[in-house]
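Below, each structure is written out as structure tokens.
Here come two complexes built around subunit A, the first alongside subunit B, the second alongside subunit C.
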Partner chain A sequence: MQTKILLPEEQMPKRWYNILADMPPMDPALHPKTGKPVTPEDLSPIFPMELIRQEVAADRFIDIPEEVREILALWRPSPLFRARRLEKHLKTPAKIFYKWEGVSPAGSHKPNTAVPQAYYNMKAGIERLATETGAGQWGSALAFATQLFGLECTVYMVRSSYAQKPYRKSMMQVWGAECLPSPTDRTNSGRQVLQGDPETPGSLGIAISEAVEDAATHSNTNYSLGSVLNHVCLHQTVIGLEAREQLAMVEEYPDVVIGCVGGGSNFAGISFPFAGDKIKGTKPGTDIVGVEPSACPSLTKGLFAYDYGDVAGLTPLLKMFTLGHDFVPPAIHAGGLRYHGDSPIVSRLVHDGVMRAVSYYQNEVFEAAQTFARTEGLIVAPESAHAVKAAIDMALECRKTGEAKTILFNNSGHGDFDMSSYDAFYQGKLVDYEYPAELIRQSLARLPKVG
Partner chain B sequence: MDDPGPAVKRIGFLINPVAGMGGPVGLKGTDGKAGEAELRGAVPRSQERAVRTLALLRGPGFFFFTCSGEMGELALRRAGIDHYQVKYRYQGRSSAADTRAACLEFLSCGADLILFCGGDGTARDVFDAVGQRVPILGIPAGVKMFSAVFAVNPEAAADIVRSAGISDFLDAEILDIDEDAYRQGDLQTRLHGYARIPALPELTQYSKQVFEDRDEERARVGIARFIAETIAPGVLYILGPGTTTAALAKYLGLEKTLLGVDLVKDGKVVVTDASEAQIMEILRDSSGSRIIVSPIGAQGFVLGRGNQQISKDVIRTVGTGNIIVIASPGKLAGTPVLHVDTGDPKLDAEFGEHLTVVSGYRIAQRKRVLRISDDRD
Partner chain C sequence: MQTKILLPEEQMPKRWYNILADMPPMDPALHPKTGKPVTPEDLSPIFPMELIRQEVAADRFIDIPEEVREILALWRPSPLFRARRLEKHLKTPAKIFYKWEGVSPAGSHKPNTAVPQAYYNMKAGIERLATETGAGQWGSALAFATQLFGLECTVYMVRSSYAQKPYRKSMMQVWGAECLPSPTDRTNSGRQVLQGDPETPGSLGIAISEAVEDAATHSNTNYSLGSVLNHVCLHQTVIGLEAREQLAMVEEYPDVVIGCVGGGSNFAGISFPFAGDKIKGTKPGTDIVGVEPSACPSLTKGLFAYDYGDVAGLTPLLKMFTLGHDFVPPAIHAGGLRYHGDSPIVSRLVHDGVMRAVSYYQNEVFEAAQTFARTEGLIVAPESAHAVKAAIDMALECRKTGEAKTILFNNSGHGDFDMSSYDAFYQGKLVDYEYPAELIRQSLARLPKVG
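Moving on, here comes the complex of A and B:
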């Protein structure tokens, strides 16, 4: 009985899959000031040209540079596991497979895009990257990647996470990056937020504003985003491409594909190759499920509309599912899922019915993580635990119906820096936050329309 | 023993020796009924409950001011504590007046906290004496404990005393229960006032990790700002008692009674401290209406305790879908489950298994609702 399905190193993908080639045209990103579609020139102050090209590329496949592949090979191809012990524990006829991205140096899927982003910026002569990080996964991934290419790195880390996960900061330091609790007083955006609310827990939206401002005001500095954008989703497709190969090695194809969703990149990574198959009609029946926290349910309760990607309104307007760029999600432990919006591609695919989304409360998510740790051994990140929860629920559903579905989920990262969150769970201190959608709808209806 | 230094927590400690006696013998409360309870064979249980707490509070970190005999000294000695001073002596059978007098004595000695063992009646007496001047905490020993100042059990009370800081406080409801009516099978509760209880600092590490809104005032303003944005013209708002609803009224620029139910429409207070009849009358002329209430801390009653003017008829007229429950995160952290007791089990069931409680600006928490069986008989 095979437990680990390993792809030989030489079979690591040589090309990323660009799902845009298989989708109807997307609504363009709009310039925040003019409201007109953004041009490459608009983006060039903060992004290198190659990433701007990838953002709107029409080719179905895009070559992964050899220098990037060499670094990815440090941990890729990542293993695919059959969760036999979990299946047995759940007494389910379903087959549960999970892709384990916790093997990367930073401990999550994030380096998959950090490495190419650092690479393209280095090629463009950039000396420093500024970025934001929620739970610290992205910040440490970019810290790791930048130092490989000799770039400096400044990370604006959401304040609540900075306090929650001090070791993430230490990790970034080891890799030579500077990590600051956001909001800071270094940027206008940060100062503004602090003025309004000195005790703010911060949010991804605020931290993005700070990093964008930093990049836009320093010519040697570019901005780097760990999720949401098309090129980030593109880089993550190595996950799904590998998984599809690995499943084929055991003659399987998933009936269900699951990933947790914050900005959407790890979900995109695991699901886009399968979503592509679904769109093209070769595998039309795949159920593709994004999993959100009930505290921040953009896909399940948000509006599909143009909104800013950040709090200060510095980013282009993106057509996406959003809870409003000024929404500051409560301080849940899955800090990486605290984002008001979502990847425009994921949003569009959900809107078009190619994918769907579900949401869960914190406590049930940690219960699932505990079940997983006690059967499969791995202690997963609170973010990834959302995917675990959905996979378990799906498998239990199979127990009821007797269906032997093949379930694939992305286990996006380990929880080694999240022990305090597990502690809080065991102390009964986890709050089941909820998004009061109906009241918010009423409150928005009564707000003055601006602009 | 001499008065302790400032590093030591000074605790005023008293027991209502007869608290809890009425329950087992069917008196549903012992206010003015201690003699009858004894005749029925009741045994005081407050001593034993208090000793369970005190046994966990031995050591040099605490100094007690207490009362003579069964009102405190005996239990301290039984728990093996000798660093105390008797500050109040009573004669004959202890009474509510003794409780109040002892508390005033503790206050003048500079107690940091008053720890009492008793029931709702004792809580009310302690509160009447000291108000918000010093935090209080109850070791539950009474027949019924609807007030929010009680720890869940004697051991938890010791935990709170041990880990509580001396600067963080929460407001906690003191309820008035009409015991005569209660003995007739009619539970009449009314919000009597707000005491202060020690806020439990989370385990030190945790408090640094999560920026839960521990600042109650700030949280209440966030809630008020959010709810204020949803206020619509022409709709009647029935505001329940409490500091959270009062903060909302204040945010809206309205004067609200702290302990009563007030009616608000189109930016004006229509009726203050409304009775059920008044609410029903105004409801008849209103096209839309909403109830905004806050649960009682610790006990978790959303409806049916302390706000009975919002009766089952009122709730039916407004509709359970038009009830907004609000509470600060600090209060919710100390309130594990919610209860609804409208007096109509069918209506109670309409609230479902969970309630959404608004706890900040555009933030809510899902709290479990536990059905209570009709325990009045």
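Moving on, here comes the complex of A and C:
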């Protein structure tokens, strides 16, 4: 009765899988001012050339540099678990497997891309990376990665989170990064906001503007993003590549693949190798499911359209599912899923029917997390709990139909820094926001006109 | 260049190693009132018979029940790491290996004994376990274990910690345990303390008294202890048994074995298999080192004598290294190491010269933790950081002498719930308490007279 399926370190993937090679051509990213396709030169002030190349690469596989693999080996290959105790509790004929990304030093899947991003910037002679972070998962991952390559790191952390979640900031300090409550007086964008409202709680949109400005105005500094972009999704494919290998070791292939979706990087990571098999027709029947919060339902209620990545409209226009760049989702406890848009690749695959999406309210998600903790032992992050909830529902469906499906989900991170959210759940303080239809209608009406 | 050495699940130990079989007879535990050796009947109101048997067993190996192994498999065998990046940073010829126990659901080695303790109590028909906890590591581990066996769990948590470290309490709630700030009004011992001082911050000694009273006065309830006792050390030997096997896979055997020491259970876990080899003469030269805080230096500055396990003098008298049962150590940030005594077995092995001990101040310990985080990536618990510090010092010594020693240490848990302690370190708020010689002299003068 095996519980864990471990890959030896030698079998850690040597190449990332680039699903762009197996897809029809993507709609190009457009310059926010000219509306014309973005060129490498447009991006070079803030990204190193290798990441710009990966963003549009046509190669099916891209080599993972040896120095990156040496650091990934601190926690990869991550374990794949068979959730036997959960299956028994649910009385389901389904087999539930989950990939556990909480074993990374920062506690989530985020370092999978933070490490190569830090590496390519270091190779390009960059000395410092600037980034933004909401709840702090991404900021701490980048702090970890930059430290190991000897880069400095500046993290603009949304001021309200900076005050409410002080311990992610502490982690960044241990790893030698500078973490600032955003807006700051270091950037024009920050100063402008502070002039208007010195007591502003800040927002992810403002923090992005500050980090981009910092990078654009310092020649030794680049910008780094933790989700959405193609190269970020590419780096996360180690998750799915390992999982496919681990399942093969026990002669399984998933009927269902599940991941939660904020910007889409962990869902991309677990699902792209299986989506590739589906596109190529070797495994046409796989059900690939992204899970999002009902309060921020971009894939299930958004439009597939060109939109900005940030509130201020400074980033390139991306063709993606969006709720509108100025849609502000209600404050739910899975902060990592509060994004108005989605990865363009994930969006396109959903649009083309290769993947689909479902949404859940937060109380039912925390209920699922409790069931998981009390059977499998692990206390997961509220974001990951969305995937747990979908896997449980799918397994219960199998109990009705009698189907012995093989379900795989990505358990993207631990909940050690989210215990106040669990407290709020137990205190009955979590609000199940009704689908904010009117708000979404209004912000969609403000989508930029393109072409 | 291998970083992690993984054992397949099938090679998880099937038996615990009982070092008592390889030692001269131990001094018996004595009844606190009569001063005569404690009998199984004395202990049966609060412990199940199988654990009482294990406390004095003469068998060299004791089978791990299959139902216990199935739960341990949720995280065991734990990985063994070669700390190559740390070695490089230290420019040492030494090889540094560490066993990583932070992968357990509760984040430390504690579940290794919580699981079998819950199991044997369940088999004995017990419906609830009562225990005490300081910072909450042990309480959360027992909450996890009892939940998986369908037992209830009541945790008396020292009131000051309950207020300062609320998130360990939250974990216990997720796992279905009841966590109460001690002293409570549920027990006579609690009520007495509250009458004297309604605002008391509580203490571990008081919490122990409450948990023991709860167990002794409810027939469906037993008591559970997370360290010190022989059966607890026994259960932790999976750590060292796995590590010895993992090192053998890369044709290594340690010259030095290191663990931090509070009550002694994680040090026992990593070291007993190697101590057994040393006693039997197959590996006579192994240097086995326990690491304690200078503020609570029981092994390095205490007496090897009979003493109580608790402040009130209600527990059996144990022959151990002690600073005196009413010695109150200064408030340091490695709360798990603030215990006046030590495991009787560890004490005896130190007394007999099989092991030795060193002590460190807390600022140098946090410095070592920072070095570890910035090279190996992991942010460790302040307790575990004591072992890190000793390993680093040993490796630097090798740099001087040129010896390529093989150093093994136990990395007993993660620091996710200790970030406020790291903050205190960075803010310069940690006090390096001078060895409290006068306090220790006074409390040692109050040792019970025996025989």
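Methods note: the second predicted complex is superposed on the first by the 410 of 451 C-alpha atoms of A that agree within 3 Å, B and C clash if a C-alpha of one lies under 4 Å from a C-alpha of the other, contacts with A are read in each partner's own complex, and residues count from 1 in each chain.
Convention: contacts are C-beta pairs under 8 Å (C-beta built on N, C-alpha and C of every residue); 3 or more make two chains touch, one makes a residue touch a chain.
A quick note: this is a predicted structure, and the numbers were derived from the prediction, not measured.
Asker: Check whether A:6 is in contact with subunit B, with subunit C, with both or with neither, and answer first, second, both or neither.
Answerer: Touch partner of A:6: subunit C, not subunit B.
Asker: Counting only touches as set out at the top, which of subunit B and subunit C does A:416 meet: first, second, both, neither?
Answerer: second
Asker: I'd like to know which partner A:167 touches here: subunit B for first, subunit C for second, both or neither.
Answerer: Once the two structures are laid over each other on A, A:167 reaches subunit C alone.
Asker: Taking the superposition on A as described, I'd like to know which of subunit B and subunit C A:297 touches: first, second, both or neither.
Answerer: After superposing on A, A:297 lies clear of both subunit B and subunit C.
Asker: Counting residues of subunit A touched by each partner, does subunit B or subunit C come out ahead?
Answerer: C
Asker: May I ask you to decide whether A:433 touches subunit B, subunit C, both, or neither, giving the answer as first, second, both or neither?
Answerer: first
Asker: May I ask you to decide whether A:424 touches subunit B, subunit C, both, or neither, giving the answer as first, second, both or neither?
Answerer: After superposition on chain A, A:424 lies in contact with subunit B alone.
Asker: Going by the contact rule set out at the top, does A:190 touch subunit B (first), subunit C (second), both, or neither?
Answerer: A:190 contacts neither subunit B nor subunit C.
Asker: If I apply the document's touch criterion, which positions on subunit A are contacted by subunit B in one structure and by subunit C in the other?
Answerer: Subunit A residues touching both partners: 420, 423.
Asker: Which residues, counting only subunit C, touch subunit A once they are in their complex?
Answerer: Touching subunit A from subunit C are residues 1-4, 6, 8-10, 70-71, 73-75, 81, 85, 103, 105, 107, 144, 147-148, 166-167, 170-171, 173-176, 369-370, 373-379, 414, 416-417, 419-420, 422-423, 426.
Asker: Mind listing the subunit B positions that touch subunit A in their complex?
Answerer: Subunit B reaches subunit A through residues 202-203, 205-206, 208-212, 215, 218, 226-227, 229-232, 324, 329, 332-333, 336, 356, 358, 360-367.
Asker: So in the complex, the part of subunit A that touches subunit B is made up of which residues?
Answerer: 159-160, 163-164, 199, 201, 294-295, 327-328, 330-331, 333, 361, 420-421, 423-424, 427-429, 431-436, 439-440, 442-443, 446-447
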